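The letters A, B and C name the chains in turn, as written, and every chain counts its residues from 1.
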Amino acid sequence: MAEALSVRRLEAWYGESKVVHGMDFSVGEGEVVALLGRNGAGKTTTLKAIMGLLQRRTGSIRLDGEEIIGAAPFDVARKGIAFCPEERGIFASLSVRENLLLPPKIAEGGIALDEVLNLFPNLKERLDSQGSKLSGGEQQMLALARILRTGARVLLLDEPTEGLAPVIIQQIGRMLSHLKSLGFTILLVEQNAGFVCGLADRHYVVETGRVVDEIAGDEFERRLESVNNYLGL
Amino acid sequence: MAEIAEHIKDPRFVLQTRNLTRQFDGFFAVKNVNFRLARDSVHAVIGPNGAGKTTLFNLLTKHLAPTDGAILHEGEDVTRLKMPAMAKRGVVRSFQISAVFAGLTVQENVEVALLRSSGIAWSVLGRISKRSGVTERAAALLRRFGLAEHAATMAGNLSYGRKRVLELATTLALEPKVLLLDEPMAGLGREDIGRVTALIQEARQGRTVLLVEHNMNVVAQLADTITVMVRGEILAEGPYDEVAANPDVIAAYTGRAHG
Amino acid sequence: MTTIFGVPSAVLFGQLLLGLVNGAFYAMLSLGLAVIFGMMNIVNFAHGAQYMMGAMLAWLLFNFLGIGYWSALVIAPLSVGLMGIAVERFLLRRLYGLDHLYGMLLTFGLALMAQGALSNWFGSSGQPYAIPAELAGGRNLGFMFLPNYRAWVLAASLVVCLGTWYVVERTRLGAYLRAATENPMLVQAFGIRVPRMIMLTYGAGVALAAMAGVLAAPVYQVSPSMGADLLIVVFAVVVIGGMGSIMGSIVTGFLVGLIEGLTKAFYPELSSTVVFLVMAVVLMLRPAGLFGSRLDNAGGPHEAPAEAPSSSPRTQMVLVVTLAASLIVAPLVIYPGFMMKAMIFALFASAFNLIAGYGRLVSFGHAMFLGSAGYVCGHAAKVWGLTPELAILTGTATAALLGLVSGWLAIRRSGIYFAMVTLAFAQMIYFVALQAPFTGGENGLQGVPRGMLFGWIDLSNPVNLYVFVTVIFLGGFVLIMRLVDSPFGRVLRAISNHEARAQSLGFEIDHYKCVAFTLSAALAGLAGSTKAIVTQIASLTDAHWSMSGEVLLMTFLGGVGTLLGPVIGAFVVVAMQNYLAGLGQWVAVIHGLIFAVCVLAFRRGIVGEAAAWWRRRKPHGAGPVPAPVQAASGK
C-alpha cells in the first residue's frame, strides 16, 4: 500500500510549551488510522502541525512523498488534506448552506453537494439555519459534510464523537465506514476506544507527545483492556 | 428563592446547587444540575469532553452566570455574587490554562495573594515591608512547594509544570476553605503529575476540594466522591469503584450503547 | 412661519438634513472601521487621514491636472486604497499576534505623518472644492430647501453602506470574510489565502474612507486636518454602536448625525459635545454598545516588561539622588526654560506611564487632565487670586475628579475600546475648553500670575521658579516610584497581567483600575497646573488630542512600564521640538515616524532596550530576558 501521509520525528510546540516530542507514524492510501490517547497527549497538536497551523514544528511530514512541513495552512489544504477540528469550527454567523459551501474546491473528485446532503439528511432540512443554532450532533455532521465536497483525499478528523449521544456516534461511525469504502484516507484522533474498534485499520497509542504503541485493527478487541489502561479508564 | 434555600440547607455540604442551568444559544451545557460538595471531601467531576464539567465549574466559580437555578455556599444564596466576593468567602479557583502573573517574579506572585489576605493591598505608598510578614510567608510557601530556587524568576519564564505548582502555591496562600481546581493535571508530564497529586493530598487537610479532571488515575487516587456528567446532566455519583462499575458510565465513556 | 418647540421648522429641517449628511459620513467611516476591525483586530487610527487623503487627492487632481469630481470619485479611492494595501503588506502585517494597541499606535503614527506632510505642502487652511455642475442648485420641498449635492451625498452614502452590507452579509466573498473574522486559522486550513484577504479588506476599508473624503470635499473645506476631528467623533459612534455588526454601524452613524442635528436646532451650545454625552450614557447603561453583543476580549500579548520590576530601595535612592544632582547642575549648561518645560512633560509622561505601563490601560485622552488642570489653576491664580500652591492644588484636584468620573466610565471597556473612550472624553473636554466663558477660547487663558509661593517666595525670580519646578517634578517622580513598588502597585501589575486570576484571588479589579486612573489623572493635573504657573498661560494646545498623542510618544519612546523611560522620552521629545521648531509641520511627521519605528522595531523603548541589552551582556544578572512574546501564528 502506498503511503499517503507519513510523519517522522515530528516535534511541535503549542505556544511556549513543547507538546509533541518526536512523533512517528504513517497512513496508507485508503486507510483509516486512529491516534488514541488521553487529553493533553499531543494528538490534536499533531493534527494541527500537519495542517501547518502551528508556527513551531520540526521533523518531516510527507504527503504522497512530498515534504509539506514548511507549507502554509492554505497550501496544505490545496495539496489535498482536509481538516475537521475538535471544536468543529462551525461559523456561527454563517448559515448552514454558507458553512457547507465555504471550503473551496481544490481538486476534482469531491462528492457533489446533492450527494453530500443525501448522506446527511438532517442538514438538508436546516440549510438556512444559522450555524449557531445547530445541536452538537448537527454541528459535527456539518463539520464533516463540508470537507467532503472539496476533492481532498486525506481527511484529518479530531475527536468526531466528542460529547455526542450514542445514537449519533453510531451514525458517524457508519458515515466513516462509507467514506472508507469510497477510498478516502482518514486520520482520526479519538479517546473513545469503542468507536474506533472495528473502524480503524491501525491504531497508534499516543502518550506525552510520542507514539508508544501500535495496534493492528484485528488485534484491537483482544487488547481493549490495555487500551483502556492507556486511556486511563 | 429564600424558601428554596431553606429547603436544601444542610450543614454537611459546603457548596450546593439547585436546578443549576446554563444555556448557550439554545444548547444546554448544564441542565438542572443538583450538585452537592461535602465538607472536607475531595470531590471530582468527570465525564467525556463536552459533558458540561467545565461549564459547571465555571458556574460554581462565578466565571459564568447561570441561566437558571441557584448556588448556595454555607447555606447562603450566592448565585448573584461575583468572583472576588467568592474569594473573600474562602472559595478560590485555579485555571485550566495555568494562570500566573507572567510579568511578576515567582516570589511576587505569591506575595500578591498574601497582600490581600493580610489586608494591605490598598496601601498606596507603603512598602511590602518585613513588618507585614508577607515576604517571609511567601518564601516559606515557595520552599514548601519546591520553588524557592526560582523565587526571582519571572513567572512567565517557568516551565509549564512549575507554573501549575506556582498557581497552586498562590491559591493556597489565601488559605481558602474551598479549593476549586480546573484540570490541575492538564498538560503535565508524569513526574509533575506525581508532584501535583502529592501537593493536593497535602493541601486537602482541613479543606474541601473540588476538581475537574480527565486523568482517572489521579481521580482514583485523590477523590472521595466522583460525579460523572454527560451531556450537561449528572449521570452517576459515588465513590470511584462504584462509579467505575456503573454500566451507564462505561457506556458513556466507550460510546457504546449498552444492553 | 411654523415653529416646532420654538424653533422655525425650516431651521429644524435644515439642521436635521445637515445632521443626516454628517451621519452619512459617520456611517461610512465607522463601517470601514468595523470591517477592518473585524478582520484584523486593528483600530485603524489612520482612517481619518485616509478620508482626508481622498478629499485632498480630489482637490489636487482638479487643481493640478484638471481632473473633475466624477473621475476623482473613482481615482482617489483606488489610489488611497492601494496605499492602504501597501501599508498592510509592509507594516501592519508585522504586528499580527501582538496586542491590538500596537496596530493602533502604528496607524496613529502614519496618520500624523500623512497629516503633517500634507499641511507642510499645502498649508493647514481649508480649500474650497466646487460642487460638480450636475449637482449644483437645489429644490424646494415645500417645508425646506434641499440642495442637490446634499441629496446626492445621502443617496450615494446609502448605496455605499447598503452595498457593503450586501457584500459582507449576502455574498460568498462576504461569507469568507465573516468566517475569517470568527476563526481565521480554520479558514486558512480550508485552503483560503487569508493573509491576502486581510490585505484586500484593509485596502477596501481604506478606499471606502477615501471615497467618503471625495464626497465630503464639496461639503466641508478640504484641509489636512479635516479627518482628525471627524475620526474622534466616529470613535464615539463606534463605542455607542459597538463594532459587532455592519448594520449596527450604519444605523448608529445616521442616528448620531440626527441627534447632533436636533441638538444644533434646539440647543446649539451642546452640539459639539452631545455625541460624547450619548457615549457616556451608553457606557453606563449598555457597555457593549447598542448593537454589540459581547464585551471586548482581552488583547493579545504585550511585550514583556524589560525592567526588573522592583529595584531595591538603595538603587532607587541612587536613582533619585543622581536625578536631583543632574537637575541642579543642568541650568549651568542648559537653558533653564527648556529644563522646566522638559521636567513638566516628564512628570506628565510618568503619570501617564503609571496607568499605561503598570496598569496596561493605554489612555488616548490624557491631555484632558493636563489641559483642564492648567485652566483651573490659571483661573484660580488669576481671577480668584490664590497663591500658586493653592492654585496648583485646585488644578490637581480638578484633574483628579475628572479622572475619577471618566475613569469610572472608561474602565468598563478595555484595550482599544478604552483608548477610544478616553480619546472621546478628552475631545469633549476640549470642546468645553473651547466654549467655556473663562478659558479665553482660541487665545487661551493669558497672564497667569506666578505669585508668591506660600505668600513669601517670589516665583517670578527665575532661581526660585526653577527650584520650585524641580521639587515638584522630583516629588511626583518619587511618589510614582513608591506607588509602583507599593502593595497597591503590585496588585495593579498583577491585574494587568491576568485579570481573571486577580479576580479569583479576591481583588475587585475595577476599583483598583479606577483608583490608579484617578491617581494618574491627578499627577497629570499636577503637571498641567505647574505648567500654567510656569508658562503663565493655559491654552487649548494642552487639551488637544495631539497632546495625548505626544505623551504616548514620550512614554513609548522612552520605554513604557519603566520608571525612567517616560522621563527620558519627555526630554528627547521636548528637545526635538525645541531644536526642530523651524521645521514647522515636519515635526509632526517626525513624531509619526518615531511612533512607527518604535512600534515596529523598538517596542521596549530606549530604557527598556538598554536594560534588555545590559542583561543580555551579563547573563547571570536578574535572570533571563523575557523573549518578545508572539502568538502562535496568524492572530
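Just so we're on the same page, contacts are C-beta pairs under 8 Å (C-beta built on N, C-alpha and C of every residue); 3 or more make two chains touch, one makes a residue touch a chain.
Bear in mind that the values here come from a model prediction, so they are computed numbers and not experimental data.
Put simply, the chain closest to the centre of the protein, by Cα centroids, is C. Put simply, the chain farthest from chain C by mean CA position is A. In this assembly, the C-alpha centroid of chain A lies 46 Å from the C-alpha centroid of chain C.
Chain B and chain C have centres, each the mean of its CA atoms, that are 41 Å apart.
Remark: chain A and chain B have CA centroids separated by 32 Å (rounded to whole angstrom).
Residue positions of chain A with contacts to 2 or more other chains are 92.
Chain C meets chain A in the complex at residues 172, 175-176, 178-179, 181-183, 185-194, 630-633. Chain B meets chain C in the complex at residues 61, 63, 82-84, 87-88, 92-95, 99-105, 108-109, 111-113, 115-116, 120-128, 152-154, 156-157, 170-171, 174. Interface of chain A with chain C (complex): residues 14-15, 51-55, 72-74, 76-78, 82-83, 85, 89, 91-94, 98, 101-104, 106, 147, 150. Every residue of chain A that touches chain B in the complex is listed here, in rising order: 16-17, 19, 38-40, 86, 92, 132-133, 135-136, 159, 161-167, 169-170, 191-195, 208, 232-233.
Every residue of chain C that touches chain B in the complex is listed here, in rising order: 304-305, 309-310, 313, 479, 482-483, 485-488, 490-491, 493-494, 496-498, 500-509, 515, 519, 622-624, 626, 629.
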